[in-house]
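Alright, structures below, take your time with them.
In what comes next, subunit A is part of two complexes: it sits with subunit B in the first one and with subunit C in the second one.
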Partner chain A sequence: MAMAALRREGRRFATPLISPNPATVFRSSIIPSEEPVLSGVRCISTQVVRNRMKSVKNIQKITKAMKMVAASKLRAIQTRAENSRGLWQPFTALLGDTPSIDVKKNVIVTISADKGLCGGINSTSVKISRVMHKLNSGPDKENKYVVLGEKAKAQLVRDSKKDIELVMTELQKNPLNYTQVSVMADDILKNVEFDALRIVYNKFQSVVSFLPTVSTVLSPEVVEREAESGGKLGDLDLYEIEGAETKGEVLQNLTEFQFSCMMYNAVLENATSEQGARMSAMDSSSRNAGDMLDRLTLTYNRTRQASITTELIEIISGASALEG
Partner chain B sequence: MASNAAAPFWRSAGMTYITYSNLCANLVRNCLKEPYKAEALSREKVHYSISKWADGKPQKPTIRSDTPEN
Partner chain C sequence: MFRHGSRSLSRASTMRWRRPFSTDLPAEATKDSNFVEAWRKSIPAVEPPSTPSVFMATRPTTPSSIPSKLTINFVLPYSSELSGKEVDMVIIPATTGQMGVLPGHVATIAELKPGILSVHEGNDVSKYFVSGGFAYVHANSFADIIAVEAVPLDRIDPNLVQKGLTDFAQKLNTASTDVEKAEAQIGVDVHSALNAALTG
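Right, the complex of A and B next:
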């Protein structure tokens, strides 16, 4: 209450100073004040520059805040992503990673973010997906997309909407966890026929570098075929299978679990890359805003000084004309 | 061995290995004692929306939320 009263008092005291009377019109364009410059005043208006400076300053504040948010989210998700790497490593040791395998039905799982303002990671994964599509296309081959995230959807709809099979969004409403990703993997497995699933995502390396990566998950039939023909997975027959289950059953369970683990890791890595990319993007944009502000301030001050000088010259020359 | 007999049953019930293992994991989580139980259950929340595409057109999206057995 006391503060409000003081402020009111202060305003009443200040009003006569700010009010636009003829005596201050002359000065109003020199001193930066809140009132608009009257039209017809001789000096150059600095109002536009001032407004621009204000908006740039606000943008800088926003990007700085977004950077902070991204940094704190990054820290939380980075450890999870790094821990989840232990899930796919045993699978790669057992089944290998065979991105070059040649099968009929390819399903490309493109992982992207739901939100933008995070550099080029979404377009990178879309680009890699298109490359995969092109590499695996042939006369009797089928390529389908499964898209995770709004951004890749928006880009893929443009030229290959015929090939999109499933779209999943709103992944990150809750913090990412295995249950969610495995339910999603389950949905994909139930709705899509495949010989090979190719998961495209950005692997997180450091805050500034992300590796576009493809993980391949083969269907149990393909695994069995490859193992029997002694091709890329010839070593698999060296393992003994315990219990009463047949090899086909074991392989089917294994593939399903492998896919959910790969997906979990891919989604986490991509989310980490997203936050990292957003952090560096916001960092550079707040730096840009700072540079812009500097330039604007320089222009503003220069114009202000020029107008002051002009006015001084006018006064002095007028006075000397009267004297002389 | 119980698992040998059980495997065909859940498979013939239309479950994949993922669904089966999620069910098992949920059972284990429910066996925890109280402060840990609530924490573990609240950690594993499911929410996403899925839409199938047919002939280059999206179908109506469905939202899967907090129901892991969908």
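Right, the complex of A and C next:
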């Protein structure tokens, strides 16, 4: 809602913004009437500046409000993201971190926000996803996208529509929780065939810095193959496995659980980054609006003063002409 | 003179750095550099992204003698209950039965069932009821326990447990579809485990 208002405001004052000097635009439009009404021009030029000042002030109010909203949301979600950071570490300790693994079916899970006005985090996710796609492409390889969030969808649909397997949006309608994320992860696991899932998200570091990150989750078959061949997961063969009857079954459960845990952390980190980025973006735009307002106020006062001085001169010279 | 000093210093520092890498997890270091190299080769304009291992504290290697304490990480989606805590023993509710883990336990991956996780530290025993998850015991006397939900045992109301148990038992009897039956069965399992935990 706030964004729509912002856009409206933007449109209203966009026209005078484009031309460097709004007064000249106005004058040129008034010339065809062929009446040298200078006083009128002066009046209306201050009117134009006043209107712009009003709209800039409104924009500043909106961006300030958005910043406040982002700041309060950030505080809530930041603690949750930080608390969830323990969750994925055991999996990485056990199954390792395998971004360079070479498999046939790659699925790139791009996590982005549903809303814009949050700096470059969405385009960063998309850019990294595209590079991952390029990096893993080959003659007999398959790359698919699973897209979370409206913004990444809008960007990826443009050039790789055929590769998008699944799109999920409005993730953050309700506050994120593990149940919701695991249902979503289950959805992805059911609908997409994969050898390796690569989750691309922005890890929150501080309000102004986000680290694009790629987490890799392998399918149980790949895990088993790698463990047996003594490749990257050779250590896994040393572990005794307790639980279900077969090793494959346990690995299946394990990788599914790993995916849901990784996703949970990734989604939270990305949401935190989004709020942080929005906060800093809105902060800088309210500062910009403030600067612009200062400049406009100066122009306005100067014009007003000039017109007063001109009028005074007219009066005084008129009076002196009568006297003389 | 100073130049030599700096050289020996840098050598000492590289030695110190190299050692943990060569003994720790040799695969780990090469793996990442492969990825970064491949990335830089194909797309030099974009910085390679981070990977989870960058954010993780490195785990120590398997010591030659068994340490006296077990280091456990007990994590839930919404918090890290215990992180890097040194304890004497944990008893894990694995699907194959209760599993006591002492320092020097053989490396194991265990699935958890609803039951009590007890953490023994000297004379203190803290008990949690966990709903299920996974536990990994590493060869270096580290244990990671991941549960979807866990509560300290003293925060469970016995009356509600009894009520839930009878409710779900009733539902199990009246269930008609497979889904309902499975749901009721899960309810009965969890509540009877809770009941056993509270009375036992």
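Brief remarks follow.
Methods note: the second predicted complex is superposed on the first by the 278 of 324 C-alpha atoms of A that agree within 3 Å, B and C clash if a C-alpha of one lies under 4 Å from a C-alpha of the other, contacts with A are read in each partner's own complex, and residues count from 1 in each chain.
Operating definition for what follows: a contact is a pair of C-beta atoms (placed from the backbone, for glycine too) under 8 Å apart; a residue touches a chain by one contact, two chains touch by 3 or more.
As the structure is a computational prediction, the values presented were derived from the model and not from experiment.
When the two complexes are overlaid on subunit A, subunit B and subunit C sit side by side with no clash.
In the superposed model, A:R80 makes contact with subunit C only, not with subunit B.
Of the two partner chains placed around the shared chain by superposition, subunit C is the only one that A:G96 touches, whereas subunit B remains out of contact.
Contacts of A:L135 after superposition: subunit C is touched, whereas subunit B is not reached. In the superposition on chain A, A:K104 makes contact with neither subunit B nor subunit C.
The partner that reaches more residues of subunit A, of the two candidates subunit B and subunit C, is C.
Judged by the touch definition given at the top, the superposed model places A:R225 against neither subunit B nor subunit C. In the superposed model, A:K190 lies in contact with subunit B only, and not with subunit C. By the document's definition of touching, neither partner reaches A:K57: not subunit B, not subunit C. With chain A fitted onto itself, subunit B and subunit C come no nearer than 5 Å, counting C-alpha atoms only. Common to the subunit B-facing and subunit C-facing surfaces of subunit A are residues 177-178, 243-244, 253, 257. Per the touch definition, subunit C reaches subunit A in the complex via residues 25, 27-28, 31-32, 34-35, 38-39, 42-43, 46-47, 49-53, 55-56, 59, 73, 75-80, 83, 94-96, 99, 106-111, 133-134, 136, 138-139, 142, 144-146, 148. Those residues of subunit A whose C-beta lies close enough to touch subunit C in the complex are 80, 83-94, 96-100, 127-128, 131, 134-135, 177-178, 200, 203, 211-216, 232, 234-235, 238-244, 250, 253-254, 257, 261-262, 264. By the touch criterion given at the top, residues 161-162, 164-171, 173-175, 177-180, 182-187, 189-191, 243-245, 249, 252-253, 256-257, 260 of subunit A touch subunit B in their complex.
Across the interface of their complex, subunit A is touched by residues 1, 3-4, 7, 11, 16-19, 21-22, 25, 43-53, 55-58, 61, 63-64, 68, 70 of subunit B.
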